[in-house]
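In the two complexes below, chain A is the common chain; its partner is chain B in one and chain C in the other.
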Partner chain A sequence: MKKLSSRILGLLLALVMMTAGMSIAAAESAETYPDIEYWFTNEGFLPAEVGGAYYNLTKETIGVGVYMPYVDWNGGQTYREQLALRVAANDMPDIFIYNNGIENSMILDGVALDLTDYLPEYMPHVWEAIPASVWETVKANDPTGQGRIWTIPDVTTFTRHGAYIRTDWLEAVGKEMPKTQEEFVDVLRAFKENDLNGNGAADEIPTGGRMEARWMDYLFAMYGVAMYEGYPEWDVYDGQITYSAVTPNMKEALKFVSDLYKEGLLDPETLLNSAGDWSGKFDSNRIGVYYHIPWVAYQRLQGIYDFTGGAVKAQVANLPQISAEGYEGFITVKPTGNSGKMVSADVAKDEQLMKAAFRVLDCQYNMEYRDLEYGVEGMHHEVVDGKKVKLPEDKATQELLILQTPGCQVETVDVISSRLEAIRTEENSWQIDESLALLNGNQADGKIIAADGMPSSVYDGYEDIQNRTLYVEYISKIISGEYDLDKFDEFVDRWYSIGGTEVTERVREWYAGKQ
Partner chain B sequence: MAQVGRSASVSRIARLGRHFRNFWPYYVMILPGLTFLILIKYIPMAGSVIAFQNFSLRKGIWGSPWIGLENFRKLLNYDDFHRVFRNTLILGALKTLIVFPVPILLALLLNELRQPRIKKSIQTVVTIPHFISWVIVGGLTFDVLGSGGLFNQIRAAFGLDMILPMQKSPWFRPVYVLTSIWKESGWGTVVYLAAISGIDPGIYESASIDGASRFQKMTRITFPMILPTAVTLFLINIGSFLDLGFDQVFNLYTPMTYDVADIFDTYVYRSGIQQGKYSFSTAVGLFQSVIGFILVVIFNRLSKKVSEDGGLW
Partner chain C sequence: MNAKNRIRESAGDHAFNLFVLVFLILFGIVMAVPMIAELAVSLSSKIASQTSSIGLLPVDLTFASWQFMLSNVSLWTSLGISAASTALVVVISLLINAMMAYPLSKKHFAPVKALMLIVVFTMIFKAPTIPYFLTLRGYGLYNNFWAMVIPQVISAYNLLVMRSFFQTFPSEIEEAAEIDGCGKFRMFFQIVLPSSKAVIATVGLFYGVGAWNQYATPLMMIQDTALFPLQLKIHQLVNAASGDIAAAVKVSTANYTNETLGAAAVIFSMIPVLLIYPFVQKYFAKGAMLGSVKG
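Let's turn to the complex of A and B:
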């Protein structure tokens, strides 16, 4: 009995000594920073866990270990649900990204840290990199009405979107690059009628888009309709900021688009295509004009290359933004996106933790740490002749690059260009050249719309307006020919009656304040 | 009078005491199940109070402000409320009238198969779709009915023009019913086949002696014998009459079919879950449950009228 109790005592003593040792170690490491849990978009990469290769890389490079458990992005939906769970459990990640308006409730609930006073001192690179005008917008949008900065918004200072056209097809049918609407339709017809992919089937798709009338913005834009990835935007019409979907411009655009659909110049499945369906059709060498983010065209070109077994190195070029007669066409640009980063209010409880979070954010905007973009040697990149070369993306073996992936810093043409250069290899060099040409080719077509930086709180209480439910229903039916064009007027009336009037008032009030 | 009552209650208590002394092991046995029910089913039910609050994740149930019936008012004033309600009722009715009887029919047919091997393999084949998620079934449906899908290939063979059923409202309900049958009817036969195997073979034997044909045996013996099972399942189903299952509709509908396909669940998804409006979603859920509860009570009464020991309680 005595023996046993002495054993237990010994064990206890050992435990006490161990904990003491641990706390001494902790005191020593107080010189360095604690780890930061940073939630970012993950669409299938391995999680960057504590002690993992990516974690070690960040710890070595910036002195702060950055990690994130696996949280599936799933279009932002699963991410938001998981984040909500962590909020409810009172166990927030230290830094997290937001989108789609969730930031407002988080700020009002006291989940977010007020960054206003910390930015200039602790995050000078962030403070400098983001234009002062954007900070003003952020302050003006503070849902608490105090003009504070709670978010670090994603900023895009270039024309991100645009249509591109298969120039090899254009050449094959002996047409010039279309500059007017007539020429454009003429080219689409030529694309449809000639077996341009040479597979013997009349399966060519002149152009088209995705479910909910998305990703064919350029067709609407010919009539000056502000549209962002299929979401109608707010811009100045008739001297007043207005929802572009309820303007006469939209009605004209719809007439044009539904005519294209009727004639079979749009993919018949345009209104059913998922993201994968639509890009898959391009990759299978069937689409003539494709609206997307031009600089990622290299992925599509690789798709065609793979699909045809290396037989087709597709040639593409920017389709100039065409204007319908009497209208001014443009590509919608919104420098202040509806997404960005926030810091958990809880980090303020521990000064060292707070400093670590600020350091991570600041390093993301500090060009000195640019090489983080290349990730871990052997996993994300290899060194060839003393130069880092990115390895092809492989979700099965690569950990998520939390700190340097698209959308993470202020995006400019230069930043994107260097990102493209970073993935250039001997094999894909021709694709990178085409992507770079596309990126630089349509910058002049962009226009910053009036609603840039508008807070999503204008939609509070009007979810169906924010979700554009009514819009999608009517517009899809008009395009597919199930509804006559006259139904558009009914849509406008109903839109105003279900809350469009109130939302428009709020937007106009916000816009007056912005000016 | 009072004394009689008292002595009656005393003897009742005594009887109860004896009862517990005799049967306590049974009560101990139901204890885990009961605990589970209370912990997992009843306690969370109290969380429904957030339907009457402006719930905030951070403030929790205790800290969130009360707003009374505001969420219910919002639901009833919703512009498309009548459309959502109508669609839910129609799809619910289709599911009850057309989809529900299919497994009974299928079970009766399967039971008539004499070759056990064939019976088993058919049973396996029709049961498997139950394990496929609606995301996949939805994808398959879109492919089969798409421009290059089987449906349009057959139409083309007959010289008919291509049509895309998934973007036409009149097609939605048939597609909904057919996919429900395809996916769930095989699974539904499991319970009925179990009920059939429980029927005393002696009944069939005596029917044969009396000269009953196979069809007569099916309609006069098998069918009436599984009817109580069917009624019980029906009552269980009717409770979730308005609960059509978000997955199926969500994976089959498109903006062009909203007018016939938008139901409570998809509406809640768009306005509640997507936007993080937990209170409102709960209010709609509560509304659905109350209607479901009323329906169960009504149909329970009805089934009691039809048969002596019918009904759930």
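Let's turn to the complex of A and C:
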């Protein structure tokens, strides 16, 4: 009896020891990572703090807790100031996003980590998701001149922008989708003259844009002017890479745009509209042709729906990119963004910390973790019929989704489509359908411009040119008729004399190197 | 002759008074109009604010902006933090200012010139942001409540205002007290300070408004939202309605914009100052003239 019990005891002891040994082995295989402070754009969301819901979600999902204190974005300005303070205090966030050219000074100051050798091994998903041509551009842009990779740029592989037209209005005036400039102007006139929103007032705005002649790129693009959200770009003109704003194409485009303005086919407040003013005019059912990011059109359609008390379900379609006679029109596409992510050089001091940072970045590009975009259940999304549906944005209760759009993963038509599907509900289904149609409808109109991936350091010392101060002054006055079109030549001369010549030289040198 | 003069004078006075009255009413209206307009914006809907058609009356009346602001629990925490830091700044800085300004007002105090030079130096030369940040951080003030108090405690300008006042303090009173055997501390606390209510109220108000409105230093020093003073919190809330990232796929049901939220925030943060001002105003009018005439 005694023997038996001691045997059982021995067996039990052995079992306990075995399981203990197994659990130790398990703990060894699942690495524990330190937390990662990751600075991202925050426009008013609650901070994702250590121990908070979002932090816990990242810790559970990818094994690394990701957090960020509240850093106001404020158009990037406050963010950059705060980042500079943390750099000065020798207390940098582990991962941070860059924009506006700050990456170069960070690299030269030695506070950024050289990622070249780590990418293939520790961040294979990042390495593969970003096209090799983009990596080549990144290497060519290394400010130290050694061809190293310090940044993970935001990449967009498709045509982001485009104009869309109210097809319900088009139908109401009995016109076809315009294909030539003449037909286009004819449609604009019809939009202006008929009371298409039926409110009895002649308040329809055929088309227009925002202050500084922004967000009306498609009008300039009819003449082959490379333009990105109102910023003239560099492309090949007459066989050489040139600033599009100083080309003869631009002069012709200005003539066209100022004529539209004179005739009242452009919003008279075009040069005054803020972002809110301009989208507000669309939402109040007044605009015929609108240039923006087509896939977010569902927000505008909802705006009109709300404004009209549910009476108008606006119909929109891509306006094909029209070419003026003798020109080739296109929508400017720049796959390599001027923003992206960097890693602090300090993380290299602690191997586990470095591995954690790499893991976070790699997971962002790993489709397996795509659901991170949905955030925390109950805070950012809910589950309806087994499917995750994003909740409406509420900055009073939602923590910042750090590992989220934009810049998370490589943006492709598929990624955007799935984001749209994530917010589809019974009520907004028609809007999502229209958005998807717009997203897919104008991909053929895009053209990757020559300046794709050009570093903003070409403007060093010529901030006025980078900020396009002179350009905005002249273009606004020419469009509004205060200046004659002839003044354009004066603008070109002045632009070259205030540094345009030097910048052009730098760009051409960079472009020769890129090729 | 006398009577005639009096009539003419009073007629002139009357006209003058009337002019002053009309002028002040007009001036008052000019002051009030922007506030009323802001109030109207804060009570208007998103679409109304975007189509910029709001005058002095709300368009498409909604309380969405106010609801968003006031339902935010952390707003009230921030209000408390701002109130506490303001109160501390006022008390501590008044004490330190008075204790420094009083000796500096005495000609027979030997190091006056050297000390004044140091004070004036800080009025002319300011530390650049980054060294300033590093210094405060070195003191352990990063993400620390006291970052909103200590750097605000002394301002050279306010010190000079107080010193000028003490310079006009009749020395006869001090001499008489001294003869009666009153010590320096007792003289300061029981005789000088109680007769200096005007300057204390004035300088206290300067410090109070400055501390209440402070933005740059907390923005630099405080990243912990739990420690945000009101102005930072308001900025965070106002920003909540801005849409920099045009391409973000999201659903928004908010009936406010950063403009309407901003308007609500302006009104909200103005109220406490508006409530306190009338009580110190009588001293303020007197105090602002302090030091302008030396006896």
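One rule holds in what follows: the second predicted complex is superposed on the first by the 484 of 515 C-alpha atoms of A that agree within 3 Å, B and C clash if a C-alpha of one lies under 4 Å from a C-alpha of the other, contacts with A are read in each partner's own complex, and residues count from 1 in each chain.
As a working rule, a contact is a pair of C-beta atoms (placed from the backbone, for glycine too) under 8 Å apart; a residue touches a chain by one contact, two chains touch by 3 or more.
Bear in mind the structure is a predicted one, so any value in this text is a computation, not a measurement.
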| task | Using the superposition on chain A, decide if chain B and chain C clash or fit. | result | clash
| Contacts of A:I287 with chain B and chain C, given as first, second, both or neither | neither
| said: Quick check for you: in the superposed arrangement, does A:A84 touch first (chain B), second (chain C), both or neither? | reply: both
| task | Applying the touch criterion given at the start, work out whether A:S105 contacts chain B, chain C, both or neither, answering first, second, both or neither. | result | first
| said: Quick one: is A:F307 in contact with chain B, with chain C, with both, or with neither? Answer first, second, both or neither. | reply: second
| task | Give the label of whichever partner, chain B or chain C, reaches more residues of chain A. | result | C
| request: Mind working out whether A:I423 is in touch with chain B, chain C, both or neither, as first, second, both or neither? | output: second
| request: May I ask you to decide whether A:A396 touches chain B, chain C, both, or neither, giving the answer as first, second, both or neither? | output: second
| field | From 63-71, 99-107, 189-197 or 243-251, the chain C stretch with C-alpha clashes against chain B | value | 99-107
| message | Show me the chain A residues, by the header's touch rule, that chain B contacts in one structure and chain C contacts in the other. | response | 81, 84, 88
| said: Give the list of chain C residues in touch with chain A in this complex. | reply: 46-47, 49-52, 68, 71-72, 129-130, 133-134, 137, 142, 219-220, 223-225, 228, 235-254, 257-259
| Across the complex, what residues on chain A touch chain B? | 77, 80-81, 84, 87-88, 90, 100-102, 105, 108-111, 211-212, 268-269, 271-272, 463-464, 466-467, 469, 472-473, 475-477, 480, 482, 494, 497-498
| Residues of chain A defined as touching chain C within the complex | 41, 43-47, 69-75, 78, 81-82, 84-85, 88-89, 160, 275-277, 279-281, 283-284, 292-293, 295-296, 299, 303, 306-307, 390-393, 395-396, 405-406, 416, 419-420, 422-423, 428
| said: With touch defined as at the start, can you tell me which chain B residues reach chain A in the complex? | reply: 56-60, 79-80, 142, 146-147, 162, 164, 166-169, 254-256, 258-259, 270-271, 273-277
